[in-house]
Amino acid sequence: MVRADGRNDDELRQIRITRGYQDWPAGSVLVEFGRTRVLCAASVTEGVPRWRAGSGLGWVTAEYAMLPSATHSRSDRESVKGRIGGRTHEISRLVGRSLRACIDLAALGENTIVVDCDVIQADGGTRTAAITGGYVALADAVTWLGAAGRLNDPRPLSCSVAAVSVGVVDGRVRLDLPYEEDSRAEVDMNVVATDAGTLIEVQGTGEGATFARSTLDKMLDVALAGCLELTRLQQEALSAPYPGTLPEARK
Amino acid sequence: MVRADGRNDDELRQIRITRGYQDWPAGSVLVEFGRTRVLCAASVTEGVPRWRAGSGLGWVTAEYAMLPSATHSRSDRESVKGRIGGRTHEISRLVGRSLRACIDLAALGENTIVVDCDVIQADGGTRTAAITGGYVALADAVTWLGAAGRLNDPRPLSCSVAAVSVGVVDGRVRLDLPYEEDSRAEVDMNVVATDAGTLIEVQGTGEGATFARSTLDKMLDVALAGCLELTRLQQEALSAPYPGTLPEARK
Amino acid sequence: MVRADGRNDDELRQIRITRGYQDWPAGSVLVEFGRTRVLCAASVTEGVPRWRAGSGLGWVTAEYAMLPSATHSRSDRESVKGRIGGRTHEISRLVGRSLRACIDLAALGENTIVVDCDVIQADGGTRTAAITGGYVALADAVTWLGAAGRLNDPRPLSCSVAAVSVGVVDGRVRLDLPYEEDSRAEVDMNVVATDAGTLIEVQGTGEGATFARSTLDKMLDVALAGCLELTRLQQEALSAPYPGTLPEARK
Amino acid sequence: MVRADGRNDDELRQIRITRGYQDWPAGSVLVEFGRTRVLCAASVTEGVPRWRAGSGLGWVTAEYAMLPSATHSRSDRESVKGRIGGRTHEISRLVGRSLRACIDLAALGENTIVVDCDVIQADGGTRTAAITGGYVALADAVTWLGAAGRLNDPRPLSCSVAAVSVGVVDGRVRLDLPYEEDSRAEVDMNVVATDAGTLIEVQGTGEGATFARSTLDKMLDVALAGCLELTRLQQEALSAPYPGTLPEARK
Amino acid sequence: MVRADGRNDDELRQIRITRGYQDWPAGSVLVEFGRTRVLCAASVTEGVPRWRAGSGLGWVTAEYAMLPSATHSRSDRESVKGRIGGRTHEISRLVGRSLRACIDLAALGENTIVVDCDVIQADGGTRTAAITGGYVALADAVTWLGAAGRLNDPRPLSCSVAAVSVGVVDGRVRLDLPYEEDSRAEVDMNVVATDAGTLIEVQGTGEGATFARSTLDKMLDVALAGCLELTRLQQEALSAPYPGTLPEARK
Amino acid sequence: MVRADGRNDDELRQIRITRGYQDWPAGSVLVEFGRTRVLCAASVTEGVPRWRAGSGLGWVTAEYAMLPSATHSRSDRESVKGRIGGRTHEISRLVGRSLRACIDLAALGENTIVVDCDVIQADGGTRTAAITGGYVALADAVTWLGAAGRLNDPRPLSCSVAAVSVGVVDGRVRLDLPYEEDSRAEVDMNVVATDAGTLIEVQGTGEGATFARSTLDKMLDVALAGCLELTRLQQEALSAPYPGTLPEARK
């Protein structure tokens, strides 16, 4: 059973990470997992939400959304429907939680970073692409804040974060599922991990099927290897200088 | 380090399952995990949602909500706020997905079962209580439909479903966390499993911390044992006759 | 013409008042009028809504809602619909107004008490049960505030409040209508009264029929007698000690 | 204690009823109770709401609203707030219920009449003015439907409907309260009655006070006399011909 | 090709401007363009919206809406639908922008004037009637503020504002289109101009057709002449004294 | 007075039109006016909205939106706010109206084309870029429908559509304003024109200033020349073959 795109079962799709995609946000990254394209923008605001003010701690949150034209057949706009769907809510929360796991909010100081993850084109794995690209945007925003002299501590990022999907398709454990595989997977799992190989989040679901403990173990092996490869690509992307003009430090 | 309520690390709280709690729904179960109390009501409607009509398949869905008075300090009503929060959405989807994993929707026929899980009192673990109690309510609703002669196949339930939380608190892996432990857990995981010991859903999250693969393995061991014990209690509860009057079969 | 449940025309259904039903709110009462069951929870918050701040006066308000599974056939959730219906609004306002009639808001001090009335099971008369049980929950919350030393005056309750429905069914004036009678009543009235026998609210409606002044008079006689009996049952319930741990007074 | 406008306690304000105020609706009436001005428009649509279709019965409903500029200080628009307030809901339901009490929906046939009551200027008693004017607009709409040959029975109106407020102000029972009296009334009651002197709806509320049964009786006496006088003014207004062009009957 | 109402192509409908239509707002004007009737009420509030506070500048804004009964067939209420439609938004913004063009917000001081334009009856040209009547209401509100001694500068109005529609119907350029012409116009334009003949806003649209530059020029000629005539009628209306009681200046 | 970017007053910014930007919609165009970037996607659906069904006519509509990260400082998501703002509504309507002006809806047949215009980066002129790019996406979608054999007539597009902004800045009439000029323009106008040089829409607004008829004339001259240049660039872009795989015609 060969995959439609010729990949090995434990191989990622072609990954591209483009920093500086937009001009205004402090971090702006276009991340591509094959045909899946997500624009991750990290915007910096001074201050924190009211419920957090005066704590000395910063705040990082994420909002995930899809362009109506991103999906195979057009989907309705949530702004027009007047409410955000359950799936959107769920993914926004997952991305935010994952990114907060790598940052020391005391070191960040009373700044807020909102990471907007807007799916330009969807072909499976949008949430894992959002986390992987979102980390790079967040890193750029942190660099920006550091240059501006607005961090409490110069190195608030304690680790890096990457995520990938894994599933059981045609009875085989496979990495980084495109839509065609995802839509008929028996089991579907998303794994968020750090550059140290530790876990931040694991979400596995049987889709109209249940799965054995041994399958879960196998999926974790494959996913953790995939995350390590994504980590390498993130580091490569971040090895180039900040893609724009950094602010001067306030005095 | 002893737990506040004197339990062993791998011990469940006191579990109570009361069938027939309300008079009108086909299944109505009050489930208690210690002080956590969730009312699970399975209501039957003829027909299925429009997008499914004519498929010959039935539908099972769930809605989770909290009474404002269920939490330590009163929470605002989502109906008054005019929108459902992300957490509510997420849990409703989880409960529905978990219950659909155990039922053959073709055998159910074109009937809809809505499982309402309303939290009367919250003390940690409301979503796992909702799944565990929701299964018992669903089983009663299936019995009701069978008596009414409205099933395509007399045994639509392929397995039973139970769920429990597990976490790392004070550096120790602990089962079935009450609010006091949950709120300071380093890692938090919910496991949904069948009576065969296979998995339906695994959701583990580091709360401001990351966790090792070996910790995940340990948590799964403890949670699967907990689910087995919950399965036994569900079977015990379901061994009594249907708590109400069954309809007569249509001819 | 005998009533389906064998009661006399001027007889209440079996009334049960259970204090301390939940652990967290300052007052929590399960009230049952026959099969109608309403959970009335009185939650205390320090301070008052913004439009009232600095007045020295407290505030009491109520929110009424139905569980979807409370009705004979499942009703949709107002949180899911995204708006509160007219009937819900109307009853919430009635309950709040009725409870405010018995409390001296200056004596209460700048505290807010929200009385949540959530219908667990509906069989007619849910609004009158909500008022009758809500008063008992309010009384417990006042006791709690007194123990905490947070009242301006030790006895803010000037009277007690009870409510009952009365209607014309099969041409006869009948007290405390269950759903089966309510749904075919020609006239339907709700009466809210104090322990002194004075009136707080009277709402009478011809349902597709008009009614004579003399019928109104007859209905008032029966309803006021019913309220007196409910008052006696409230006093009986409140004669037991506060069902929980009272706070210690602040110094 | 004399009333600010010199009226006797049991005297109505100056009442004006202007038919044909707008050109498009089948019935359009501007009703004035002193400075209170409500525009009541009865619009006819073929067919009935879905839940009623095929029953052979018609439908009458009402919607009440205030112009933002109608009140002493400007009130926010409910369309801008995105939700209808409880008071608006409550009054819309009251007006609809009251008007349905006078019409035989089988005689109306499968037509819908919506009576929009928009308050142009508010000075107390807007809901009773809405009912009183709404009846006249409804009568015109029925005439219009009759001329069009669209009624099942030529005389669907079984009685006429009028409404008035009554209250206790400065310790005296007074009829038809303007805002200045209404805002400081101890008891406030609205009475809806027919031309036969029978009751359709009675709503009495103690405003931070309770009231004796004898006060209720006194208020009913005064209100019923007021309704009789309003009935006379409605008949006078309706004695002129239909203010516009009637449609020709369909063949 | 003669117009249905016998007017010349460049002639306005009968215009009526009634000041003091309501008692409470500082300015209240009923403006009629033939059968189109719009109630324009200018309400004064002390202070400005939060985003403007402390600037020393005042604020003028407008809200446009239609009564459901204003249109040939009844339209649904936006408050009931829970959202404001695009057309309503667009017109509210146009009216507000047009009225702000004639007032010096520094001279106004930190006061807010909301101009509510509620369409009582619609027969084409409601937005231009709203602007024309809204200016007169605004002028009265400014007079009121002046009398109250609350203006920073006694003459904040730098010009007057009037608006009219013009279109191409049956191949001819026509002024002030009623609904019957508007609904079949090939081109439709609204022009807002000052008493000096300068332009504030020009909005021209081909309706399923495009139009030549020369047609645009012709339409502007006709519209500017129409605005001049409206300006004359506004001045005439404003030449009478303020229709109500002016406040006394604060000291 | 030189422009910040060195352009002549009547010169466009650098324009780029990239077809085939996304894989799923029938037409997908990234249009750039300098730093302003708008993604225009034309999605095809079989059938038309209910109010149009059975007419034999097709439907073209547009939805405009901004990514939160598109603006200089992040803007809130309209889906999160739960309502679409007035500006968004207004622009969506303008784009839809403009595109409908160039297409024969009978020739289109009962198909719907939704043109989504999502602003990736905003630097002034987003609505005119949306129209200009939207036309190219629409043309591609029409080609796609033609290849699929789903058009009633092979050439439904009667003209092409382009749009540009023009304004008065520093007292000079200037074409195609970037944000820096737009935000301080005294007059601001958008002109939508066809390849024949006829007008579809003209919207000119004085921003806190009024403008003379002669200024309007000058702005129109400059804008029409700009539209002609944009038309040339659209034709150039459309001269390349369809960027993707065309469907085969149904038989």
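Lettered A, B, C, D, E and F in written order, each chain numbered from 1.
Going forward, a residue touches a chain if its C-beta (ideal position, glycine included) is under 8 Å from a C-beta of that chain, and two chains touch if they have at least 3 such contacts.
On a predicted model such as this, the values are computed, not experimentally measured, just so you know.
Interface matching across A-F, E-F or D-E places the copy of A-B, with more than half of contact pairs shared by residue number, at E-F.
With each centre defined as the average position of its C-alpha atoms, the distance from chain D to chain F rounds to 50 Å. If each chain is reduced to the centroid of its CA atoms, chain A and chain D end up 59 Å from each other.
The geometric centre of chain B is 32 Å away from that of chain C, both derived from CA atoms. Counting only residues that touch two or more partner chains, chain C has 82-84. Remark: ring traversal beginning at chain A, heading first to chain F, gives the chain order A, F, E, D, C, B. Per the touch definition, chain F reaches chain E in the complex via residues 83-87, 89-90, 92-93, 97, 100-101, 159, 189, 194, 196-206, 208-213, 216-217, 220, 224.
Residues 22-25, 28, 35, 39, 41, 43, 45, 63, 65, 67-74, 77-84, 88, 114, 116, 118, 120-121 of chain D touch chain E in their complex.
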